[in-house]
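In the two complexes below, subunit A is the common chain; its partner is subunit B in one and subunit C in the other.
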Partner chain A sequence: MSKASRGPNALAFAVGIGCLVVFLLVMEALIQFGFVNRFIIPPPSEVAMSFERVIVEEDILHRFLLTATECLTAGVMLTVFGVIGGVLLHRFKLLQQACETWIAAAASAPVVLMYPLFLVIFGRSAWTIIMIGFVAALPPVILKTLEGLSDTRRVLVNVGKSFNLTPMQSFWKILFPAALPTIFVGIRLGLIFALINIVGVEFLINFGGLGQLINELAERYDLAGTYAAICFVILVSVVFFMSLERIERWLRPAH
Partner chain B sequence: MSASSATAPRSASPPQPGEAILDVDHLHVAFQTPDGPVIAVEDVSLTVRKGEFLSIIGPSGCGKSTVFNVVGGLLTEHEGRVSVAGETIVGPHPSIGMVFQEESTFPWRTVIDNVAFPLELTGMPKAQRLERARHFIEMVGLQGFERRYPGELSGGMRQRVSLARTLASEPKILLMDEPFAALDEQTRLLLGDKVLQIQQELQQTTLLITHNITEAVQMSDRILVMTYRPGKAKRIVEIDLPRPRTSEIVGSEAFGRYVAQIWADLREEASRGLTDDETSRNRGSAS
Partner chain C sequence: MAATGSLTASAPVRGRPNRVTLLRIGIIVAVLAGWELLSRSGWLYRDVVPSLFAIGKAIVALLSSGEYYFHLGVTAGEILAALAIGGVLGLIVGLLLGGNRFLAAAFESYLYYLGPTPKIIFFPILIMWFGVGPGSKIAMGVLSAFFPIALSVAAGMREIDRVLIRVGKSFRATTWQMATKIYVPAMRHPIINGVRLGLGVGLIGTLLAETKLSNKGIGYLIIQAYTLFDMPRMYAMLIVLFVLAIGANALVGRLGGLSNIKRR
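Up next is the complex of A and B:
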């Protein structure tokens, strides 16, 4: 990313918001004039009106905290096991040659479909949800860690050698810091995967936080409420990832 | 801490033949490639004396970096013997400090933390190592940039950071592989002055690898000219120009004579390199 594109660009932001507003207005018009059935898609104005109701009546704060806790737990596990996994693959070439391809394949596999298996193992509990999020999101963290370590420029490693670094020093003082930006990308990807899967499984097994709320509202055929809850989830994830990006930037100055 | 930084500057007369500190004896390096072995260096012998500035010059691809890697202990598969003060090199030697051809600063460390890196490894207390680092940052003329990250500096400044970092480890022998190759001519000349000044100040034994004749003549006591593939030692030229030198010497008549002499040697090799390149390219496009 170039430095220029990093700064707050007011125009780009305004255009982005503008596109969204135009999209909503077009939807509103299509529905109001009867081109789209309002019993399939409720008009945006109605969705906006039901926000308050969903937030007040459905105990959304509690549900949000539940989902957030699940995400956080999965995130911590992801970071620990993903990074360790990547380091091991980097350290042992045989392991890398043996596993890299199918880890990459696993990254695109719809792990969510295995939820019955997880239900059997972990029961209808938060752990089922956490474990599915964790398993689904592990591959990108492993792969990005491996990529960061392998892509460390040779000359930097050679600088270390020329200063007679031990393998341990070489790892902690050169390889790891050099790979850190890429590892962060992996963790951010992993958290995105985890959040998607966690809300999805909550919806599927009708248990836990925001996903279950969407399920409930949909079963009550409260369409405006359903869409309001979906918007809320999207809003939460946008805020979540914007803050992740902030943290990431703050942790690696002037890269 | 080495004594070299404490000794008084030697007289400006041409260097007395000091004791040999680095010895390369019948070095021979071949790389295994899918098309069979490639001989990169063939029978190169050289001796660097204490306090001396020796350059190796040769056309691109003649094996200069290979010699650099062998002397630095990064490439151990070779024939012949390389020794520092009588001790055979089997890996990176603590007496040798390397400055690499590519950009090699650590982007995640500030300038001062980059330069303090080798001191950190020795376990020197923080306050002391930052003070030492400041000394070397000043020496390369980067005071005021201590807290900047390499990403905020120009290429020439980054190369000076690398130089300061290597100097901070106070190597007995400074080994540099085309440290200015990626820089523009003016920056290169000014940095050359800086290196000369530092070399004079520290009485630093230096082995510089370059393909730039002006640079080599400006700085060196002796120049080893290498042939194009396989890289052999073609000739050693003694540069008998008064010291201290600056880039102003470039205009003098004696300087011109040395440049012409080395160019005559190199032209033959460089043109061999060119025709070699062309034939292989033609062969490549024909197939």
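Up next is the complex of A and C:
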């Protein structure tokens, strides 16, 4: 991301927030005066008021924890299998040459569309959601692990050789620590992919946490509640991405 | 020592292509044999893992059916419309943000953080706005494709070599000439990358919307096969779809000359 967007000055930040507030006020006026149909777009004030109702009545904490648990499970799985996959590809060059392009192609494949297949295999359960998140997010973790290990500075590897380190020692003392920041970039990407797919599949199969909440509210035609729930999911996603970014920045200076 | 290293490293590479191809064939054969074995073993519910013959037959039936091409046409039309609208909007917003640091500081963080949120959750709203027909699917595709294109164009705009811009200005190039002779050629790589990313997520958005609520399109056919528990047909559709999606992605890169740019 650019410096401009990372460290916005106070005025630009205020203009950004101001434009958002003005937009909401204009929408409120347009809806209140009947220029926009309130049965299609509810007034922002109504959406804001329905936040409390959605949080209290829809047991949002439980739903949030459910989605978070699914994300965490998929995250642990993709970290373990993704990093191991990347290490194996790095260790066995022939395997890397044979499979790297396939994994790159899998990264651009619309894996989430396989959700009906996962429904058949795992049933309408949390495992369908977790497995979709896992499979869709696995390629970036494998590829970034491989990239991190392959890009380790030659001089570091040679220092290890001059100390007669065993391959195992060389891996744990040199390769893995040097590749860790890049591996974390892969895990961060994987977790973002996993969250997107998990919430998406929850919505599509009407099962689980936050995604299901949006679907239920939409099916009840609770428009203000639907908008509030969407805002809540966006908020959760943004906080999640920002936290991952902070952790990544915190990890980087150490290397 | 470095020379020895490079010699020892390059020697086995000469013999690699054959070994790589052999390994690839071996992996494919092992996967197919494992699949067939699993299919015949009865360990999973019947038809969850159909035989390769049944899947092959379903692929042939699918590709020789006129109905499939009608639905493929609907989906392709929706995706193209979504990519055109999302692409133009993304290009405009990207140029504005990339060309003006103040606007970027004010608004780019919204795009940056909204970009990776799951777009499918907006689908109930889009149905309300654009109806249950193709409009809401196109809108879903537009929403998905817009963010990667806008962010990629904005980043590309900022990476244009200042020297090129100064050369254009020293020749007193008009705005149009600057755009067509300097900006767009210099931003070819990020624009193509953005379009590729936009195509990928736009395709997913449109198809997911079709699986949720539609009566035509490939997404509808997939969910129909699931409802009827016609597993060979579902596998066939997923395989064909994956091949088309990866092929379309590669085609965009090739048409845009991405491989030539990379080689430089």
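In this text, the second predicted complex is superposed on the first by the 202 of 255 C-alpha atoms of A that agree within 3 Å, B and C clash if a C-alpha of one lies under 4 Å from a C-alpha of the other, contacts with A are read in each partner's own complex, and residues count from 1 in each chain.
In the analysis below, a residue touches a chain if its C-beta (ideal position, glycine included) is under 8 Å from a C-beta of that chain, and two chains touch if they have at least 3 such contacts.
Treat the numbers as computed from the prediction; the structure is a model and nothing was measured.
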| item | value |
| --- | --- |
| Partner chain in contact with A:13 - subunit B first, subunit C second, else both or neither | second |
| Subunit B versus subunit C as contact partner of A:68, first or second or both or neither | neither |
| Partner chain in contact with A:105 - subunit B first, subunit C second, else both or neither | second |
| Chain touching more of subunit A, residue-wise (subunit B, subunit C) | C |
| Partner chain in contact with A:88 - subunit B first, subunit C second, else both or neither | neither |
| Partner chain(s) touched by A:244 [first = subunit B, second = subunit C, both, neither] | neither |
| Touched partner set for A:116, first subunit B, second subunit C, both or neither | second |
| Set of subunit A residues, in rising order, touched by both subunit B and subunit C | none |
| List of subunit C residues in touch with subunit A within their complex | 16, 19-20, 23-24, 27, 44-45, 48, 101-102, 104-110, 112-114, 116-118, 120-125, 128-129, 154-155, 158, 196, 200, 203-204, 207-208, 211-212, 219, 222-223, 225-226, 229, 231, 234-235, 238, 241-242, 245-246, 249 |
| Subunit A to subunit C touching residues, read off their complex | 1-2, 4-5, 8-9, 11-13, 15-16, 19-20, 40-41, 94-95, 97-99, 105, 108-110, 112-117, 119-121, 192, 195-197, 199-200, 203-204, 211, 214-215, 218, 223, 226-227, 230, 233-234, 237-238, 241-242 |
| Footprint of subunit B on subunit A - complex, ascending | 153, 155-156, 158-159, 161-165, 169, 173-174, 177-178, 180, 252-255 |
| For the subunit B and subunit A complex, residues of the former touching the latter | 72-74, 92, 94, 96-98, 100, 102-104, 106-108, 117-118, 121, 148-149, 151-152, 169 |
